[in-house]
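Below are structures written as structure tokens.
In the two assemblies presented below, chain A is common to both, partnered first by chain B and then by chain C.
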Partner chain A sequence: MIEIVDTGPLNTIQDLGRPGYRDIGVTASGAMDPLALKIANLLVGNDQGAAAIEVQTFPFRLRLRETTVFAVTGGANAKIDGVVLPPWWTQTCDAGQVLELLPSPLAARAYVAFAGGVDVPIVMGSRSTSLRGAFGGIEGRALQKGDTLLLGEPIATVLPADGLGVVPPASALAEFFPVAADNTLLIRALPAGEHDLFGADGERFWSQSWKISSQSDRTGYRLSGEPVRPTAPVEMRSYGIVPGVVQVPPGGEPIVQMSDANTAGGYPKIAGVLDADLWRLGQARIGSRLRFVRSSHAEARTLDKVIAAYVEDVRNTAQMVGRALETMAGPKPAVRKGKNQ
Partner chain B sequence: MTSPMPQPTDRSSNALGTPARIASALQREVQISTIGARAFLLEAPGDFDLPAQRRIWALAHALRHWDNLSEIVPGMTNLLAILKTTPEDPDAVIARLRDAWQRAESIDIKGKTIEIGVHYGGEHAIDLAALCDRSGLTDREAVRIHHEGTYTVFALGSAPGFGYLHGLDPRIHMPRKTVPSLKMAKGCVTIGGMQTGVAMLTGPNGWNSIGFADLQMFDPTAAVPAIMAPGDTVRFLPERIEL
Partner chain C sequence: MSVVDFSDPATIAFLAAALQAAGVDGIEIIQPGRTLRIVTGRDAPGADPLVQILQSTSCAAKPDKVSAPMAGVFSSHHPASSAPPSQPPLKVAAGETLGFIGIGSILLPVKAVKPGVMTRRVAEDGSVVGYGDPLFEFEPRP
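What follows is the complex of A and B.
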């Protein structure tokens, strides 16, 4: 069991979301950075889609009520009882220790996974919190100071005494996920249905950089910049949307829908971000800049493979380290089960 | 949570005042575009009407047998097909969708009939006066026209369990508001363009409220969470008229 000691607003329990219900109006929700969530889970020996805590407002503090294997990935400066943890790190902590997360200048959201996963009821196939629908997670709401969270039964995990870390994907995969020299994030996208109705503005959409405005959250990001408008007003019939769709409301400043996006929309859509770049968008901070780069299905497939290989690599390494330590420990391995030990 | 995001769905559902677009839509072929690398949107040609929607339902039915499909999201005379993985040949997916559309024959879903008791007028009917101004009808006439209608659930979307209802009498069509109500109550009976519906969540809403229905329409813990389904028939029963 863990106890939330201190939290900002809008920190929630998330897993990989509840796809499959868009046709009844239910948004998928799920981690804004699904890659960081998967890695945090693999590090603690969980299924990659187990529920974890998504922290996007800081400071955030939790107390472990028992010996627990946990991992922190994504964007945060983490400390255990005041001792700084390396980034993207897993280790075992004892009952009573306090994990503190402070913001990172590099990325917007942190994921804290625990061996066994956060055990809240499954609603429509997922433990993700849907704030708008007011279900999932803890009673459909954000975490509050004083909340206690039960953990599931952990799979036996063996860790090096000092813990174990991975190279974050932004570094490990830097050649595939470029950032411009001026730190502008380069986000790959494909033109969407109404792109050509924007005429010359459609080209400017790609060439100019956009700032992520303060009116941005898990629902979507509003971008600030020189407006782009279709050459004639466009009225659409409501159509299904997915995270990553870039829509342009009448004001001309685009909106990128994110994890808690509505299931249907009606603004003209100018582009759609590749799934492979959504995790980076999920980590983009308010006030930072991005530029859209016209991509292709071929590039999307390459990036999908690169990400899958990275995840597999972490999975294999975590298992290999565990096996090696078990072997070294001899016939009676010092298995830390995380719970009740 | 108060989201800074607008509600584009509401805006889109206002098909009033767009005759040019609808006219051109009549002449064009089915259109297929992409949203990102994995989602394909098929838009039916022609009018925003029941025959077009019936063919979308038929298409949705046919696509259930595709193996690389993650989700099928029927919209308003359109359909979003979300694949499990990025396709190697997107043109082949488009060709296959086009082919499935050509083969799709209209299906008439034998849906259930849902009767919704409505308290017309009163504190939640914040836009009834504006509807009367626009239509030239008395409030009594506007309410009568609304509850005498028979509606078809075209699609669900926007909010959990929200059904877009088709069949609104043109005399009480009313464009969505340019400035949405910031906190319209769950249960408000609303008109958005040529559609009507019952608000599922309390929050910003650009549709026009003329009454209130106290009915649980969505339960995330139920085996079938949404009461409405595409093809269902909806009737509004005037439980109380407060004018």
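What follows is the complex of A and C.
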């Protein structure tokens, strides 16, 4: 069991979301950075889609009520009882120890996973909190000071108690996920249905840089920059929306739909962000700049494979390293214990 | 995996005989916490070889070594950190992370087991190190 000692607003329990119910108007939800969630889970021996805590406002503090294996990934500076943890790290901690997360200048959201996963009821196949729908997670709401969370039964793993981490994907996969020299995030996207109705403005959508405005959240990012408009007014029927769809409202400043995206909308859509780049967008901070880069289906497939290979390498190598260390250390008493022991 | 006990007299005698038979002057075997040095007298065949065993114990004030917990690529700083690592000598607390061993995408911490001063980095950043290779020189200070 863990206890939330301190939290900002809008920190929630998330897993990989509940896709498959958009036809009845249910937002998928799920982690804004699914890659960080998967790695955090693999580091503590969970299934990659187990429920964890998504922290996007700081400071955040939790107390462990029993010996617990946990991992912190994504953007945060984490400390255990004041001792700094390396980024993207897993460790075993004792009952009473306090994990503190402070904001990182590099990325917006952190994920805290625990061996066994956060145990809240499954709603429509997922434990993700839907704040808009007020269901999932803890009674459909954000975490509050004083909340206690139950953990599932940990799967026995051989990860070293001394701690272990991963090379963060932004470093390990830097050649595939470029950032411009001036730190502008380069986000790959494909032109969408109404792109050609924007004429010359459609080209400027790609060439100019956009700032992520303060009106951005898990539902979508509103971008600010010189407006782009269709050459003639566009009247559209409503259509289905998924995360990554870039719409242009009449004001001309685009909106990128994110994890809590509406299920339908009617603004013209100018582009769709590649799935493989959504995790980077999920980590982009308010006030930072991005530029859209015209991509291809072939590049999208390549990037999907690059991410899958990284996740697979973390899964296999972490287990291999754990087993090798255990062999070298020789027999020892078990250090892990489940909540019922 | 079996670990050879280099403090065993039988092992030392076997090694010394093998060295003499091969015409090798000497050998030095460094393990975490122990160094074995055997020097055979080429000028005096048949003479007993000189055997030295240096044992570092936990209360010793002489330099200690912090060695690699596993084979991999050594790094003195985390790949995501932009700041260069501080230069030795560095005062460190017990359990403090001194560097990392990279195995694929996985990073293993290299930690100080006791408080003291890290006096020198032995391994180069980016070099491949083996299990037990010395990475840091370290003076324990209670």
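Here is the rule we go by: the second predicted complex is superposed on the first by the 326 of 341 C-alpha atoms of A that agree within 3 Å, B and C clash if a C-alpha of one lies under 4 Å from a C-alpha of the other, contacts with A are read in each partner's own complex, and residues count from 1 in each chain.
In the analysis below, a residue touches a chain if its C-beta (ideal position, glycine included) is under 8 Å from a C-beta of that chain, and two chains touch if they have at least 3 such contacts.
The structure presented is a predicted model; accordingly, all values stated were derived computationally and were not measured.
Applying the stated contact rule after C-alpha superposition, one finds that A:Gly240 touches chain B and leaves chain C untouched.
Using the contact criterion defined above for the overlaid structures, shared-chain residue A:Ala300 touches chain B, although it does not reach chain C.
Between chain B and chain C, B contacts the larger number of chain A residues.
Of the two partner chains placed by the overlay, only chain B lies in contact with A:Gly25; chain C stays clear of it. By the touch criterion defined above, A:Tyr310 lies against chain C but remains apart from chain B after alignment on the C-alpha atoms of chain A. Those residues of chain C that touch chain A in the complex are listed here as 1, 69-70, 78-80, 95, 97, 100, 102-109, 111, 131. Interface of chain A with chain B (complex): residues 10, 19-26, 123-124, 131-133, 135-136, 142, 189-190, 192-193, 215-217, 219-220, 222, 234-242, 244-245, 247, 249, 255, 257, 260, 262-267, 269, 272-275, 295, 297, 300-301, 304. Interface residues of chain A facing chain C in the complex, by the touch rule stated above, are 83, 86-88, 106, 160, 162-168, 170-172, 310, 313-314, 317-318, 320-321, 324-325, 327-328.
Contacts from chain B toward chain A in the complex involve residues 1, 3-15, 17-18, 21, 31, 33-39, 41, 43, 48, 70-80, 82, 85-90, 155-162, 164, 200-201, 203, 218, 220-221, 225-226.
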